[in-house]
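Shared chain: chain A. Partners: chain B in the first complex, chain C in the second.
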Partner chain A sequence: MGINLIETVELASDTASIEFASVPQDGLDLYIEISGRTSENGDYTVRVAFNNDTTNSNYYRMFLSVNNTSATATSNADRLFGGLTVNGYTSPIHNTLTARIFAYTSNYNKGYLTQFQSSDDGSSYRQMQTAGEWANSSAIETIALIPEGNFLANSVASLYTITAD
Partner chain B sequence: MEKPTKLIIDLSKPKGKRESIVPLTAEEIAQREADALAHAEARAQREDEEQAKAEAKASALAKLTALGLTEDEALAIVGA
Partner chain C sequence: MATYTHIATVEKTSASSTIVFNNIPQSYQDIVFHCDMLGTTNDYVYMRVNGVTSSSYSNLEWYGNSSQAVYSFSFMPLAWSNAILSSSSRAKAVVEFLDYSDSNKNPNPITQHGNPYDGRMGGGSGRYKNSAAVTRVDFITSSGNFAVGSKIHLFGIEA
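== the complex of A and B ==
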């Protein structure tokens, strides 16, 4: 199994969306990593749109969130993909969202798992995971990552393919 | 106010020529606003439900202890 960097970009300015277009079709899975923060006019939420499909009812996800005092699980038909720490929060941890999208060229529904860690006070941490599915049989050719507010300048996004060899 | 922009990385092009920054369309801006509103409403509803559940539990504990149960006994009934 190999993991191959397709592209990495660092934002020169605050940006409302990052879109990978014409995704190579020669991988088994895709792996995405975003390190950075989101602006204060939103919250930590990052949404996804595959092939420009923004219809929430075509997506379904379970979201888990846990710290040392509480755990919550919510499910819904929407495009929640994960999150990044909001700028202004005093999180000392690195702020990285990672995601794996399975069998992205297949002709059945596409599943994905994402995870990230955040803190809003610098002393307590919250670990979050999303398991989701996009109900569409088309190969994924475009991936848009859309935060509430903006991704801040200097955030870095990378796309990899995972291959069999 | 500056129009929000998106970064498009066209992977069919050679490295170094892939990135372009374009303004969001009116449709994309409207979608963002609708998503944010739906998210805020869902979160408010979830927080209301959690608050109501916590209040019901506290009320049940108070009533059970008023009947003479210890706090541990009451917690065993309503769940810790």
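== the complex of A and C ==
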């Protein structure tokens, strides 16, 4: 078994963050998937904090984004992981965000790739990828996913390790 | 969630221009590479299937740099030209071959890659225009070398 489910968090109520507080240290890479939505009406609303580091200048990311009218790309110091909400749609629409975090126990900066899609009920869509790096040589022991506003109830996030055994 | 089985890891202990996975087992539904790569200089990474060097590949990529989104299409002797290496920050990539062992299909990898500090990230797809099971995949730098510590993991995904 090379991929191991570590934890799934399913929110019973609106919540300010989702945290994986004890990341096992025996994996090669990490994989996160979220099916959810956020209270904030924006495309880029979910950020990450490794080991409780919420300083944007310690992170750097590029993103490539396509919606139903245009494609854009940019880069700057930011903890952006992705987004789950477009134009404030309502339940039952939930959107998807996945992330791969490479060599998370290594002694060099940690890189990650994410992708997500979001759509409302017919007028707005977005698909986006990000490539990010956390400038820190410490092993990742905790991960917090922090939206603008809240994750809304029934959002689900899972953390997996990808291992060599 | 699909079941991953770790097949092999290649980690560079000396700089060279290739990372090779040969004799890939044919017993999985799909295979996926997780790439964590550093260059001896700024460089591109290409990929070759079954050791074939002829012009039997097509490549479509869409990528972003620090200011714009771009797409490109090309026919080239190598299937994949997306990830950009640098000597200062590591490039990441995920490469998937679906149904790689079916000798009746053209292998067509899909990729996601990024190196934010060096200004390029995106995705791509390629096609090796011959029907063949994928038994070997070479990752190749365009001019420099993979630096020591570069590593690529290969996983099999079971049906």
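Keep this in mind: the second predicted complex is superposed on the first by the 144 of 165 C-alpha atoms of A that agree within 3 Å, B and C clash if a C-alpha of one lies under 4 Å from a C-alpha of the other, contacts with A are read in each partner's own complex, and residues count from 1 in each chain.
The rule is short, and it goes like this: a contact is a pair of C-beta atoms (placed from the backbone, for glycine too) under 8 Å apart; a residue touches a chain by one contact, two chains touch by 3 or more.
Computed from a prediction, not measured in an experiment: that's the story for all the values here.
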Partner chain in contact with A:N150 - chain B first, chain C second, else both or neither: first
Which of chain B and chain C A:T74 touches, first, second, both or neither: both
Touching partner for A:T54 - first (chain B), second (chain C), both, neither: first
Contacts of A:F63 with chain B and chain C, given as first, second, both or neither: second
First (chain B), second (chain C), both or neither touched by A:A21: first
Partner chain(s) touched by A:A139 [first = chain B, second = chain C, both, neither]: neither
Set of chain A residues, in rising order, touched by both chain B and chain C: 72, 74
Residue ranges of chain A touching chain B (in the complex, touch as defined): 6-7, 9, 11, 13, 15-24, 42-43, 45, 47, 54, 56, 72, 74, 76, 78-80, 144, 146, 148, 150, 159
Chain A contact footprint on chain B (complex, rising order): 4-13, 15, 18-19, 21, 24, 28, 31-32, 35-36, 38-39, 42, 46
Residues of chain A touching chain C in the complex: 1-3, 5, 28-29, 33, 60-66, 71-75, 100, 102-103, 108-109, 111-113, 115, 129-133, 158, 160, 162-165
Complex contact set, residues of chain C against chain A: 1-6, 9, 34, 36, 62-70, 89-94, 112-117, 119-123, 149, 151, 153, 155
